[in-house]
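Listed after this line are the structures, all set down as structure tokens.
Here come two complexes built around chain A, the first alongside chain B, the second alongside chain C.
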Partner chain A sequence: MLFFNFSLQLFAVPEGKSGPQVIEMLTKRAIALGAVLSGSFIVDCETYSSTASLGAPRSVHLLHNSETPASVFALLEAASGNKTVALVADNLFDLLMLKLSNFYTAKKQTKIESRGPRFEAGDFLVKLGSVTMGPAFKGILVEVEYQACSLPAACWDLIREFMQGFLGGCVPSTPPPYIQVCSFFLLPSRFGDMLGTIDGINQYLEQFNAFRKTTGIR
Partner chain B sequence: MANQNPFSAIELFTSALRSNIIPNQEYLLQGSVIDSSAEVLHNRLRGLCDAAETGPETFHDHEMCFSLKASNPGGTPQQQQPFLLRVRRALDHPEYPWQLRYLGQPELGDKNQPTVLRSCIDIACTPNVVEFLSELGCRIEFEYVLKGYLFRKGRMKVTMSKIFRMGQAKSPDSLESVTGSYLVELSLLAPSGQDAVADEIKVFAEQLRPLVHLEKIDYRRLQQPFT
Partner chain C sequence: MADHSSKLDIVQATAALKSLRSLRNNVGTLFHSLTEGIGLQSGQDSKESRFVAELQQQLVTVQSGVKEFEEAINNVDSVQVNLGNSGHLNQDCTPDALNLYESLVTSYRWTDNLVEYSGYATTLLSQNALKRSTLIHAKRRRIQPSSQNVPPHTIDNVINSVCRSLGDNVKIETFRPYGSSTVLQITLGKIMKGIVVLKRLMVEWVVVKGATEDLIEDGKIDMWGESRYKVFRKVTENANAAMLHFYSPAYPELAIRSFLTWFNSYQSLFTSPCKKCGHHLHNLLPPTWRDLRTLDPYHEDCKP
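Showing the complex of A and B:
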């Protein structure tokens, strides 16, 4: 599964509209573009923090994606603060995290997820996610993936045009930062597809962290 | 292809835990056989185990043991206890995923319990697991190389392996064997509560006598200084 051509876009909820209303509106627009509903999806994230006894504080973000149901993504923010180590593991990693509870504990009330319908439109995959933290609705994240090409720089314009087609003006015309740095991912590597998947997960984590810092709806 | 209605990973995990289908208990017997007798045991195992005609799988693994413990003395007693994690990689198959393993305290039980029982979590992962554990706060305690054979008999696993010291050069040529014998382990991984399998293991171990005596090894007794 390659996620190289993956873009995660925040869709600002218009005033006076509820989350389900926005999802319904975007669903209609996506269907008008020829997208076909194909199930639903969920990406979730739980954050564990180190206890004081370990010294310098560290956090482990544990993410799951229904697109890769047998994997757990553990993103560790190092004590130095300027490094993140991204481990991809079998789903029994969840069980190990429970065993580590003497050293790493889940932060209360910070479990966050994006879930909603999933569409296919030719080579595009579209996911309309309602983001909730605990019981609270936080906003809408739209994921678009172009599956036919693995050169992000070569097809950003295509993704942008497709996204603007149903999201409108909120899509920036300049590529997101990850596309500019992704030449790293294009190096021949045995773990290339792992890095690709991690790249998508990183974008979710960035957005989730921004949601956590915001009170109310973004 | 996504499910029509995907459950969240946590829901699936909780339900797997509740219905007790996660194989996280290891039933274990251990023993050793001197190098000069290894071939006899090898032939016996080959005859008794599955896939007798193709022979056993071979393995050549590097194992590192990491510990996580409180860095300041203020922690709870549980935090003062080191938490051990093992990382294994196949030296002969660098393309294989690396393995992260948690092993709980071995329970010996009374003399009616046929095998050692310990909780065990095996997790395949990406090769950056060593960097991940270091940043998590773990310290490497020891490492070694294991080379040997893996036999299967139904759900049971029998390994016969030699342990080598990790040379300073960390190259395969600098391997120095620790003892003049093979470590023999008979194990089975099952969800908790399936104690009947322990008897199955015991019966199989009896069939290997007198070539090798597989027993419940009490590590605490081994760790006591000789008097």
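Showing the complex of A and C:
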């Protein structure tokens, strides 16, 4: 079983610079920190909405992560509130979704993905992703994962120090909101929990949804 | 061991070397004048006879030098070390055995010197009573047989009492997969896990892995494989160093208690910054060293 503890960080694209330029700049900084390029990565998300026959409209987000290539993540938005129900399935789920086209239809022009180089630096994993929706460039997401520890409460300061090393001052002093949110009624927050693959996917979905809502580059 | 009569007599040896040197010198002069020859003005009788006379004189000097040297060498010939039957090695004619006897003699001399010097050292040290550690005291008292033969339930009791004193975040399980040796599986919260192999109450082997890594492989405890992550490989290295530091056969209970207390300080592996530089990361690693007394966290390069 693979565990993840990462922080997904939006890197604001400075004015007058293009996405590839920023990625190149961050790549240089990461390599200066001792990171070694190890392939590339892609996380994509496609959203389906339910047809009228199912009652109130609900969305299903289908995500793939190149880090876990044999899995498909399906996140169904719950009827109330902004909670989601997560399902981790095999690759075949993609084909099943096609069969369900009578109930769930793909929203047009909403396929969004983050892709770019993947680096290893000691026990850290750094992914510099350019987010594109269709043909349009939307912004840059930086994923930093500390593989040796999957307890955010224990290693958030460590990750923050690492991120500040190559992202500079834009790193907040508090963990990403997703990790702080109450996951269950009894547990104070995910901060004291072990994080799993699905938590990474949830963070991507949150960011992707925010990208979809904004027009232009974030 | 050789007695002192067979030792090299320095005075005699120096005299022999000196006479050898003068002999070589004389021979050198002789050959030199021989190569020079009679000279360009040869043909004159007086010169030739003078040359012969000179040569004769030099030969006499060489001869007396040889005699002198022979005498001197006779005085020092007791140096020969006789290693009994090993002397036959010298007669072995295979090329790779040629140097054997020589190196045997050399190492024999080394040991001989070592014994002599350590004898002097013991005398000197026993004159100055340096009682710096408790170990000397413990050694005199002789190691108690209890540390050599500890029944399993005593080990369990000791481990349990240590575990209780370390708090709720530590979980220690004991196994005995290979008979009498105890294997401890220590879980430090959600930070890391460790395997400690004991021989009686003494720590023999430590492996540290991440909280998400599996310690059990194919139904057996995997006590030889190392962690996937650099940070835990470093901690394993340091834990082995600490194991040697805390090793004390005279007080095995104290040793294991100190070791486990030290190990427990790794609860803060990712949370506490280095005591010296104040940062979390150095060379992309958190402070992986814990001071053996104060348990303060330090980076590998920031160690005091």
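In this section, the second predicted complex is superposed on the first by the 193 of 218 C-alpha atoms of A that agree within 3 Å, B and C clash if a C-alpha of one lies under 4 Å from a C-alpha of the other, contacts with A are read in each partner's own complex, and residues count from 1 in each chain.
Please note the rule applied: a contact is a pair of C-beta atoms (placed from the backbone, for glycine too) under 8 Å apart; a residue touches a chain by one contact, two chains touch by 3 or more.
Remember, predicted model here, so these are calculated numbers, not experimental data.
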| item | value |
| --- | --- |
| Which superposed partner A:158 touches (first chain B, second chain C, both, neither) | second |
| Which of chain B and chain C A:121 touches, first, second, both or neither | second |
| First, second, both or neither for A:39, with chain B first and chain C second | first |
| Greater residue coverage of chain A in the superposed arrangement, chain B or chain C | B |
| Touched partner set for A:148, first chain B, second chain C, both or neither | second |
| Partner chain in contact with A:14 - chain B first, chain C second, else both or neither | neither |
| Touching partner for A:216 - first (chain B), second (chain C), both, neither | neither |
| First (chain B), second (chain C), both or neither touched by A:95 | first |
| Contacts of A:169 with chain B and chain C, given as first, second, both or neither | neither |
| Residues of chain A that lie at the interface with chain B and also at the interface with chain C | 194 |
| Residue ranges of chain A in contact with chain C within the complex | 1, 3, 33-34, 121-124, 147-151, 154-155, 157-158, 161-162, 165, 194 |
| Touch list for chain A against partner chain B, complex | 38-42, 44, 46, 50-55, 58, 60, 64, 66-67, 69, 72, 74, 76, 78-79, 83, 85-96, 99-100, 102-103, 113, 115, 118, 190-191, 194 |
| Touching residues on chain C, where the partner in the complex is chain A | 190-191, 210-212, 228-232, 269-271, 273, 279-281, 283-286 |
| Chain A contact footprint on chain B (complex, rising order) | 1-10, 13, 17, 22, 24, 68, 70-72, 74-76, 78-79, 83, 95, 100, 102, 121-129, 131-132, 135-137 |
